[in-house]
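Same chain, two partners: subunit A is paired with subunit B first, then with subunit C.
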Partner chain A sequence: MSLAEEILQLEAALRREKVCPEILNFESELVNKVVTAIESKQKLINSITIETIEQQFETQIYQLDLDRIKYLLSNYLRTRLFKIQALAFTIVITNKADMLSRKELAFLEKYYIIKTNLFKKSFLLKIPEEFRSIDHEDHSTSPDTEPEMNKHVFIRALDTIGNCKLPNGQTANINKDDIYLLPYSLIKPLIELKKIDLI
Partner chain B sequence: MENEITLPESEFFAENTKITIIPNFKHAGFQILSGFYGPLRPSVAIEVPLWLGVFLKRQQKCRIIPPAWMDLQVLKDKFEEERKKEEFSELDFYYMEVSSLLLAHAKEDIPNHVLICRLIQDLQDLRTSKIRNSLQKITVENLYANFKDIASIELQAIRRLLPATYDSIDYMRKTENND
Partner chain C sequence: MYTEKSKKLVRELKTSKWLPPYNNILINEISTEITELHGKLLQSLASQNEALTVLQAGCLNRSKRSVLAYLNFRASKLETLRVENGPSIPPHYSHQLSGDEIDYFRKYSALLQEYSQKVSSHLDLTTDLMPPKDLFIEVRVKEDIGDIVLPVSGQVTFKKNTSQLVRREEVAALIRQGVLQQTN
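== the complex of A and B ==
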């Protein structure tokens, strides 16, 4: 895959992550490649000594492109951090930690400890012991608003999907390029098969 | 930060759309991260990302060729088609973002830009009212409609409201069934 394609993929990953209610797999390969490319290009730009107007003009274009890719990358990482904070307890309870990068995991661990301590100090120690546990195995007490798996999301079919049974009893014949607003839980397997995209 | 695609973000995505420019300078080409663009020769058309085209335009280093759909007659036909059809007619997903960027930075390169600007606005109004009308027809039995060819700008307009409404309808249907 060329770098240009990887950048496009990262863009698609950002859009998916923005729309999807649960945390998705960290795109480690894409991120690593893009980070390496950004670093070497930035070094190159910094090493240019600007002598002519021509060089200044070129450097401006390189920097502009670089800034766009940096923004894309940081937006992707920040979107995930935002979700990790919102879903911290759920990720821990449901054992989703392998979806995160090493750095994200370190962030989650710290965040989890800080939040648990805060809860303990502010009210948990003041209530009877049997109600204190934060991470019951049956998920019933996760303090997050858990990812609502039935939340509706806009999807675009990348391929012909055919007849799809919908929760209200309706059947939809979904063809390529069709756009529907459907419950996330229903279409989740199709995302993994790359048959649809979240938009 | 909101966990949803915002208008500035969809403008950012739209800026990667390829457009044709006619440079007025000579250059071997630019090897940028998102691809190689060149060689550039005066009066020879070349495709570049929209953001690069706008940058060069602002430096007065090129003329922008508007996309084929940004033409008075094409838009008039599109408007007629849109009015007759019940579904959306086919349009660039980022038509609003692309056209407003071009109208802001390169209007002298767009023939009839005043009329085109008006037509695009009218087209958007028409499409938005189409959404509003179709929403009035929604029933629980006939909830899931095909939004094929909806554009980014119209999606933004309903993104806040519609998914949440559907969530509630779903929730009510489930509780009803449990009774």
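== the complex of A and C ==
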């Protein structure tokens, strides 16, 4: 796969991550490739000795192009980090940790500790011991808001899916390249099968 | 009335543009209320008064959730501040925070830095929050900061009320802190 294709894929991954209410699988292979590409390109740019104006101009264009790739990657990682933070307790309780990369998991573990420490020091140590826990499975006192699974999302079919039963009783005939606005919970299995894409 | 105070606490969050001052007094009052309620809950459990038990447990959990929501909301504001504004808290914000919150900000800041470093040494997650358009930007200096050394450009002098052409990624943090202002 060429770098241009990888970047298109990263763009799509970023879009999916922005739209989807819950955390998606980490695109580890893709991210690794892009990180390697960024590092080698940055080294290449740094090693160019600038002698003429033309060379300087050229280097600047390369650098700007690289900065845009960096932006895309850091935006993807940042979007995921924010989601991990917002859903930290839910991810820990529901054991969603296998969706994260190893680095994200390390981040989450430490984040969970400093967050619970803040809660403990500011408040939980002041109330009776039986009520200090915040990890109830039923979410009765978890500080997170659960992901909004019925949020409507725009989808594009990557394949012909056929009839799909909608919550209001009607059926929709989804063909390839059709665009629909549907509740996330309804189409979740189709995303995992790569039959549709979030847009 | 029970849970009245916790409602007040959560409402306070809406009264300020950023965050209202940390209300330690109210949190302590709510904690006392919870401890009292806990005592009463144990009594009604012993006397097997089911209806009262359910009601008291409900009130207790609600108060607890409200305080946690209050703390959580504040913490998330701090996280956004770290990403948008860099690793230091502006002085007019730090008055609004509790000691524990400032401590949290520092720890979170270190954690974010660590993650960013681990992904790649060539990448800072907070440099570009908007898609970059130009490699060089024109900035106007709002505060006198004198000479500073930048990684690529070397030594640069920023004098108040002057304009300069600088590399975007090197001064991104200074722009977000309000020391420089982009003019093109």
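Throughout what follows, the second predicted complex is superposed on the first by the 188 of 199 C-alpha atoms of A that agree within 3 Å, B and C clash if a C-alpha of one lies under 4 Å from a C-alpha of the other, contacts with A are read in each partner's own complex, and residues count from 1 in each chain.
Criterion: contacts are C-beta pairs under 8 Å (C-beta built on N, C-alpha and C of every residue); 3 or more make two chains touch, one makes a residue touch a chain.
Note that this is a predicted model, so its numbers are computed, not measured.
Peer 1: Looking at the overlay on subunit A, is there a clash between subunit B and subunit C, or do the two fit?
Peer 2: fit
Peer 1: Scan A:K126 for contacts with subunit B and subunit C and give back first, second, both or neither.
Peer 2: In the superposition, A:K126 touches subunit C alone.
Peer 1: What is the angle, as a multiple of 10 degrees, that the CA centres of subunit B and subunit C span when seen from the CA centre of subunit A?
Peer 2: Here the answer is 100 degrees.
Peer 1: Between subunit B and subunit C, whom does A:L73 touch in the aligned arrangement: first, second, both, or neither?
Peer 2: After superposing on A, A:L73 lies in contact with subunit C but is clear of subunit B.
Peer 1: Figure out whether A:L182 sits in contact with subunit B (first) or subunit C (second), or with both, or with neither.
Peer 2: first
Peer 1: Should A:Y111 be classified as contacting the first partner (subunit B), the second (subunit C), both, or neither?
Peer 2: second
Peer 1: In the superposed arrangement, which partner chain does A:L64 touch: subunit B (first), subunit C (second), both, or neither?
Peer 2: Both partners.
Peer 1: Just subunit B (first), just subunit C (second), both, or neither: which does A:Q85 touch?
Peer 2: In the superposition, A:Q85 contacts subunit C only.
Peer 1: Contact-wise, after the overlay, does A:V35 reach subunit B, subunit C, both or neither (first, second, both, neither)?
Peer 2: second
Peer 1: Once both complexes sit on top of each other, what is the least C-alpha distance from subunit B to subunit C, rounded to whole angstrom?
Peer 2: So the smallest C-alpha gap separating subunit B from subunit C comes to 6 Å.
Peer 1: Of the residues on subunit A, which ones does subunit B touch that subunit C also touches?
Peer 2: On subunit A, the residues that contact subunit B in one structure and subunit C in the other are 38, 60, 64, 68, 71, 78, 82, 86.
Peer 1: Quick check on the complex: what are the subunit A residues that touch subunit C?
Peer 2: Those in contact with subunit C are residues 35, 38-39, 42, 60, 63-64, 67-68, 70-71, 73-74, 77-78, 81-82, 85-86, 103-104, 106-107, 110-111, 114-115, 117-119, 121-123, 126-128, 130-131, 134, 140-141, 143-144.
Peer 1: Considering the complex alone, what residue numbers of subunit C touch subunit A?
Peer 2: So the residues of subunit C in touch with subunit A come to 27-28, 31, 34-35, 38, 60-61, 64-65, 67-69, 71-72, 75-76, 79, 83, 98, 100-101, 103-104, 107-108, 111-112, 114-115, 118-128, 131-132, 134-136, 168-169.
Peer 1: Spell out the residues on subunit A that touch subunit B in their complex, using ranges where they run on.
Peer 2: That would be residues 3-4, 7, 11, 15, 18-19, 37-38, 41, 57-58, 60-62, 64-66, 68-69, 71-72, 75, 78-79, 82-83, 86, 148, 150-154, 166-170, 172, 177-183, 199 of subunit A.
Peer 1: Per the contact definition, I'd like the list of subunit B residues that touch subunit A in the complex.
Peer 2: Residues in contact with subunit A: 1, 3-5, 9, 12-13, 15-16, 30, 32-35, 51-52, 55, 59, 140-150, 155, 159, 162-163, 166-167, 170, 173.
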